[in-house]
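There are two complexes below, and they share chain A, which is joined by chain B in the first and by chain C in the second.
Moving on, here comes the complex of A and B:
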């Protein structure tokens, strides 16, 4: 049945390179999440509080991000913008694509979070003498944060997993690096098996860290 | 005068047919994987619910792997693993196998949530009316729990439909791969990507809106 000789040595030799690429994966995912949270927050607030073209733009962003494949979005930032003479580096393509996607998904989560805090609480805090800013930062935001904490964690995991699409636009993050080594040595199975393990460990680390943080943040 | 040779040719009407066929292939692989995966997922969900700690130690971690490793890595890994154990699968078959397992791992959690959404008192009432265990599952748990998690299932199904674009990495010519091929030939990335994106959007957007409206209606 097993007519195949596994060769793990080349994989072990390039393990340091793979781990370095894993750091690049993490870096892109974290950056995309930071930008995604900021933009997603803006999109959610615009969709909740504004009318007119800005609201239309925000809705289009959210619906496009949620209803087309992530790979399509990457291709669009890759080839699509190329049609207008705007050529992004592979790193920027992945970062822009992931940010676009994360912002869209997070905006929906934030919107749900804001809607879950009743208006009466704002009115109550205002009548207690708080300014609008105080009411938002001390009453609304802490509650919204609690609601969107788990969705944000999930989105972080998705961002790491999605960054593997970088392989298809020539970005040498963990998957791209793996493909590079695999096609050089033809030990495709071995390389991708090790990469799968690295991804699994990264995801578990993120989930564990998030759980640890949650017990410290939400003690009350 | 010598005729000039060009490797590129403009976007022709017959290319629309090519894209259309590719879109059908996207639909076909999605429908196949989602339907088999859903059935498997429901079974796994039931095992997770009834299996208690035994399932938590065996089935749950295995399903978890498929959610913690990027789909693209799973596809490459399986496609290169199958020949090792003597299976000769074409890209389509490999894609269906992995997408099915991926769907099942996502649906399993949804299905377990559905079973948990049915109040135990309701099930005890059904049993005390003389229903057998399977009658209780079929006539009480399925309609009530299924309704509770239907929107979540639609989300999973649409996600898999979008993720089916990744099977292109194995060389299966679905919609995104077809548009990539056309882009290389016609050098008109913007037009072709817009067409491909519009197809995904036209499929996904109405369904997700419908699911959201059902959720609102049932929540009342």
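Moving on, here comes the complex of A and C:
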């Protein structure tokens, strides 16, 4: 039918290296998500509550993150800043690019979450003598968190998959490492097939963990 | 005592309350009736400082609600409020809904707060529902939960903002029954309501609001029997 002989042995031999690179992928995605959640929350609160230059800055961030290809955002932190003499390591380029992108998307999720909690919840809290801070931290944010929980999970998956763009800026995460071995051995299909399985398993694990956590966190 | 003196409230250009003067004594039950948009609910929001006022003042037990130095969070502990949309906290169980404010606002211990909460929930007939989330409660039960939540702060006054208006007709009775029970226990209450039967049977006085003005106030027999103002007569003729 087709005369291609599969050679899996080189792939199996470099599997430990691939798995190590997979950990790097996971690490950069998790860090980007942690920073992304913190920054995204700030961007959402700024856009909801403030006027003036800060709000303009937050809106611009969100729009650039959502309206341009993630790859271009990575290139900006790599070649863009590089043109101005600021040279980041491949790891930092990917971390910065992913964080920028995740923060933009998460900001919109948070904004929707805050808007979905009725103002009357705050009124009811305040009428009981709670301070504005108590009303936000005890009543509003826990409800927002539930609303954005699944979108956050999605974004986490997206961050893992998007980190594969790192290979285009010389980052040896899972895809970069795969590309490196594939070009050395020319077993391109085999390498990328195995790597695809690794990505698949990582995402499966994330989704499973998220679902498990959700049943423990949200009983209502 | 709640003293309201020459109270004016604007929403932008809209003049919602036009010089209200009203005193509510300890132990009194006052019902406030009138058409939608007459300023009844706004009056309640001004009493506990959820809405700022533009002129006049509200004094609760000697404290000016809207004065600069007033600790509004402390004052609100004296003024329990129940809303039309009951506003239960969906992420907390019935017990947690009621126990939260005593714990974080009044600084009660967790055990103490839970005990108060359980007691208040029993009081309003929800003793079997302590660990249930609001989503599993009917509207009437959620409104009674909201009443228990306000009572757990041990307020001196209770403000009811159309507490039964959003309920299915068959659920109105249980909430009115709970309000009646509070009145009989001697709670000072201001009830904005469309339930004329409740206003007539339970209140000591009834106030009629029309377009931001308190047109008439008096004992229920007078308001429902021999209303003086033309607007009151018209309103009552329409709701009967």
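Quick note on the criterion: the second predicted complex is superposed on the first by the 220 of 220 C-alpha atoms of A that agree within 3 Å, B and C clash if a C-alpha of one lies under 4 Å from a C-alpha of the other, contacts with A are read in each partner's own complex, and residues count from 1 in each chain.
Here is the rule we use: a residue touches a chain if its C-beta (ideal position, glycine included) is under 8 Å from a C-beta of that chain, and two chains touch if they have at least 3 such contacts.
Note that the structure is predicted; figures quoted are calculated from it, not measured.
Enquirer: Using the superposition on chain A, tell me whether chain B and chain C clash or fit.
Expert: Chain B and chain C fit side by side in the superposed model.
Enquirer: Check whether A:82 is in contact with chain B, with chain C, with both or with neither, and answer first, second, both or neither.
Expert: The first partner, chain B, only.
Enquirer: A:195 in the overlay: touching chain B, chain C, both, or neither? Say first, second, both or neither.
Expert: Only chain B; A:195 stays clear of chain C.
Enquirer: Looking at the overlay, what does A:63 touch: chain B (first), chain C (second), both, or neither?
Expert: first
Enquirer: Applying the touch criterion given at the start, work out whether A:4 contacts chain B, chain C, both or neither, answering first, second, both or neither.
Expert: Once the two structures are laid over each other on A, A:4 reaches chain B alone.
Enquirer: Between chain B (first) and chain C (second), which, if any, makes contact with A:72: first, second, both or neither?
Expert: Touch partner of A:72: chain B, not chain C.
Enquirer: More residues of chain A are touched by which partner: chain B or chain C?
Expert: B
Enquirer: Once the two structures are overlaid on A, work out the angle chain B-chain A-chain C from the Cα centres, in steps of 10 degrees.
Expert: 100
Enquirer: Considering only touches as defined above, state whether A:129 meets chain B (first), chain C (second), both or neither.
Expert: second
Enquirer: May I ask you to decide whether A:143 touches chain B, chain C, both, or neither, giving the answer as first, second, both or neither?
Expert: Once the two structures are laid over each other on A, A:143 reaches chain C alone.
Enquirer: Give, as a whole number of angstrom, the minimum Cα separation of chain B and chain C in the superposed three-chain arrangement.
Expert: 21
Enquirer: Shared contact residues on chain A for chain B and chain C?
Expert: none
Enquirer: Report the residues of chain A in contact with chain B in the complex, numbered from low to high.
Expert: Of all residues in chain A, those touching chain B are 1-4, 63-64, 66-72, 75-76, 79-80, 82-84, 157, 161-162, 164-165, 167-168, 175, 178, 188-189, 192-193, 195-196, 199-200, 203-204.
Enquirer: Which chain B residues qualify as touching chain A in the complex?
Expert: 65, 68-74, 76-77, 80-81, 83-86, 158, 162-163, 165-166, 168-169, 176, 179-180, 183, 188-190, 193-194, 196-197, 200-201, 204-205, 208
Enquirer: Of all residues in chain C, which touch chain A in the complex?
Expert: Of all residues in chain C, those touching chain A are 48, 50, 73-74, 76-77, 79-81, 83, 85, 87, 89-91, 100-101, 104-106, 133-135, 146, 149-150, 153.
Enquirer: For the complex, which residues does chain A have touching chain C?
Expert: Spelled out, the residues of chain A in touch with chain C are 118, 120-121, 123-131, 134, 138-139, 142-143, 146, 219-220.
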